[in-house]
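Naming follows writing order (A, B, C and D), and every chain is counted from residue 1.
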């Protein structure tokens, strides 16, 4: 587990700056014999791509090019390198503010750490980097599907508007996929959209909550006491830009419950152990229970806003004001959903491989 | 980052079952030349120890024995092995329920993973294991103090009663240390205590929120894009038993903010960059800002309750009922505070060493 | 892979100084359900123990105490901590030379690295530390045996006297085990013994070659391109004190061969691929061929000799002379054999687990 | 330390098959602020490129393209991705033998491990992959030079002809660089060349010895007890294709020495500790002494020979004969020198960064 590599057995190393030649990743540890084409990756990249009316107008064509690790349409078991060229990068909007630290962004901290930074479009700290994660995650998802594991993400809340959902996760997910903001509650969607529009008009942005449900995870996954399944997922998901919190099952609500409410009682039916509830979110003692994993992420509002803010000039060390123009999503929650799915896939597959549950050729 | 080892450069490996001979840890990567005695560790172990009226009556004497890595009262730079004998273990209360899966506990999941388990006192999944983390954390804290970094933890909320705090963190911490439930708000403390007493009377338990503040962390700490400071801390903290969520700064609240509220505006004063607010909780883009780190953890109620619950017999696969007797804290939040401090110390020191900020001899 | 931890999935962390309270290890990642008792470890410790007439008179009782990870005589899948107390440590011989750097020893380099050192008996850099490796290796061997993998080590050469061996490795090994210097050639043994005796008389020491043969390794083990099976074994074996070289199969001889001599030609018999020769030593392109692994290690003469040598005082930085008295083996090759077997076992088991070939419960 | 990633802090992940679109690497952990251009990498790639009359006629243009991590000619501290396109790949020579296992090659073992393989030019197991290592090593060398550390490699022996060298390593290196076989002994060079020519005429190949000297390494580098400097270098160097052995200092010769010959006696001069000899090769107890590192590698003869050999058809499992045509070096030692330098640079820089000796911005 290192800076730009995620995973221990199924490992994804990402690279690339927002306005450099390309972003991309190297996926190491993928089992051999998996059918894999560029379209498998592009399908997920399109889901992440700014699409709706409220998303960034930057037209990221986002076409993945696989440059190694696949031969005659199947994985070789060797590293899969993927390049996604930065075709629509336009750095002009950044030139005027290249020495200013955009509030809520990593400009100041990158500068503090590295003594330098690529100011064009956020450089390495741009959301653009997550395209590479989604590419890696697309491969992980394909492997997981072979084991009956599916990951479903959607916007659980946007700008304070909460989606009311029930029914099977597959249906909820389908509804969300039809919504331009991945909001699975058609009734409430209009309120959420209105708040986004309002924010846009005022040079503002809004945040929300991403919900992830994983179905089909076998019981017994996770390595106590540190590399617990939930701890590792928290690591994976907190690494997504703009995520400020993560919770499992009843999460922060469980802090206000009593033991008998919080505990998930159990039963046996036809020789199978079952649970009456899932406050644990599918993990007990860091090991999966075989129930759905239920995870929620807090996503802060897009830090790039045109509203004027106080900031500093990193070069002159003088106080300044800034209005961030460029092309920015007023709400990144719908796109963060796709990145969260990818990171979840990477973490779960890595845990499975670490535990010896995935053969090295399929 | 593996099952029972935390850290990459400053590494703590813990071992031991609750009712085995001992729990303990091996601390590898500690700089040489640090003054270290058993009392340095015992001091922290006492803070974790069940102490208050509402804590488990198990009298863990918890005396650390250092068996390597220290010579003439100073660390050698070699592994420091620490043993904490399990002197007050009493397995009788577990005998009657040894085949039953206690709801909310890891009994079922350990069994699913390992095909076996030590049923005495929760075995490896017991909170007892955290004594070893606290021992390792005590050493990390000593190193961090040399760099002016201090970690403060307290109960921010218990059983739904929120502590109202303001002022400097040092004072808040001092108040909390005087409270038997680490609650820094003397006025509200009585309400929290009453809820705990009530829960006890009813064979129940309660949860709460742990708050951690870290002062003195330099700007520039953390390795993007995956091993972000906050992602790594989330990993460290979610690995603590009973923790169901973690958030930084405004955390889940930021999901309901607008960009201009959420962003921390900046200024320069006397050549130093400062922030007007700290919604980020001290981390931007995964790298520390130099402000306080602010972290909150959701702790679920103790799963061991005497109230009758439905469960299963793991051997016969029959439905059963269970009342967990033994010796259990009705509220583990105050003790979780100390463990959270330890894990925070381990994560921060490891990030610092990974970044080359700590010499190998002090 | 870190300072005091070997392995990525099956991980052994060793600790302890030669004259401290104990040496020991924590074995993490061992599958659950393995029968394991202290005698399993003690048996291997006795093989390593100074035994022959020519070995160190230090009477290391070397009794392993398992303090975690085993319950009702079976492994739990949790960390197995093992303590071997240092019962016969006698530091008096070191007091007179505590500031002198013994030539050929790590005294100077530990001091350069850590700014301090435990001068008693070599401290952490003592051969004593290898007892902990042998303890960990004993567990790895037990797991490997379940998969039909056996590791055989012997002294291939001592003080320039080469053992002439042929026949099956099991027999060679048995002969070696009967020899007090693990020399499998009874005829030549006397020459080797004479050279050792001669060296002793002259206050000198001698070196030799350890040979390791591993039978039963499946084809397909090893992770190219860096964590090749042979690269990983070289790492494991070069970490043994006094080892100055490692070679596989024809090794350095292959540098003088031609392609047609060096290449191992292949055939098919009854549907099985076979090789006419084994110059590769069982590894091609870093992946095992299914043949025996054949490894040779160069072991330098024991650096502790009573003959007077020039050296320096690390404190006063003055030139001095030294005669190392203490209790030292004039030839450590026979004991290095046992340590080499242990490290081989650790490396192979870790590679197997990394590759998902070992279930997490047996 | 994993399959296709080398290093823990300074990490190089390589990718690419011999006849795929490209080979390349991602270098993560490079300090920010290093001047870096493509020419820095191309210079080393040219050294590795088949150049002499006796090298493979495949014209690898080998031009590195840096696609991330560098901005305005300086490193950003973010991952540096490098692509080297495979421009002169010609798979026709492989078509006729695509199901045959070439003796001495990894064809059979890759097939055993992955159940598939890219048969074109050896796929991932081709020496071509080492171009990516050399690219990563070029960056490591640049960083090391800032700390006064220089790595010198040359052919110490070819086809049994040993170079007789003395004098300063800088001069030896310069002589070797002028030789088309990197042979630093002009007199003996003709004999070595004659043996290569002879081998070529007979459809054969020859091996040799690579020698590496590292000057300027500070005393105190290396992490006992497992990640010793020499153990880690052995891991790095044994991962190079065709290397069958590695030794430090007196290496295998030390097995025949006596203690007083093998030990390097010490002295103090002007307050500096010095050694009279360097049989240890610059490492004691796994930690560097501050002397030159001296390492020797056994390189087997190129396995691709046109001479007819017995082998098997991996598809039909029938016995066959093979004559490997293609374009192959009759002696890869001179090219292995450059790869060995690169791996040495990677290992040393990683150890330095792990130890906190390199700031994260230069």
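The rule is short, and it goes like this: a contact is a pair of C-beta atoms (placed from the backbone, for glycine too) under 8 Å apart; a residue touches a chain by one contact, two chains touch by 3 or more.
All figures in this text were calculated on a predicted structure; none of them were measured in a lab.
Of the two chain pairs examined here, A-C and C-D, the one linked by more C-beta pairs in contact is C-D.
For chain D, the chain whose average C-alpha position is most distant is B.
In whole angstrom, the spacing between the mean C-alpha positions of chain A and chain D is 39. Averaged C-alpha coordinates give centres for chain A and chain C that are 46 Å from one another. If you average the CA atoms of chain C and of chain D, the two centres end up 27 Å from each other. The set of chain A residues that touch two or more partner chains comprises 2-5, 8-9, 14, 78, 113, 124, 224, 360. Against chain B, the residues of chain D that register as touching in their complex are 8-9, 78, 224, 353-360. By the touch criterion given at the top, residues 1-6, 8, 14, 101, 103-106, 108-110, 112-114, 124-125, 129, 157, 159-160, 199, 204-209, 219-228, 230-232, 234-236, 238-239, 241, 244-268, 271, 273, 276, 279-281, 283-290, 298-305, 307, 309-312, 317-319 of chain D touch chain C in their complex. Within the complex, the chain C residues that touch chain B are 2-5, 8-9, 11, 13-17, 20-24, 26, 28-29, 32-33, 67-69, 71, 74, 76-81, 83, 113-118, 123-124, 360-361.
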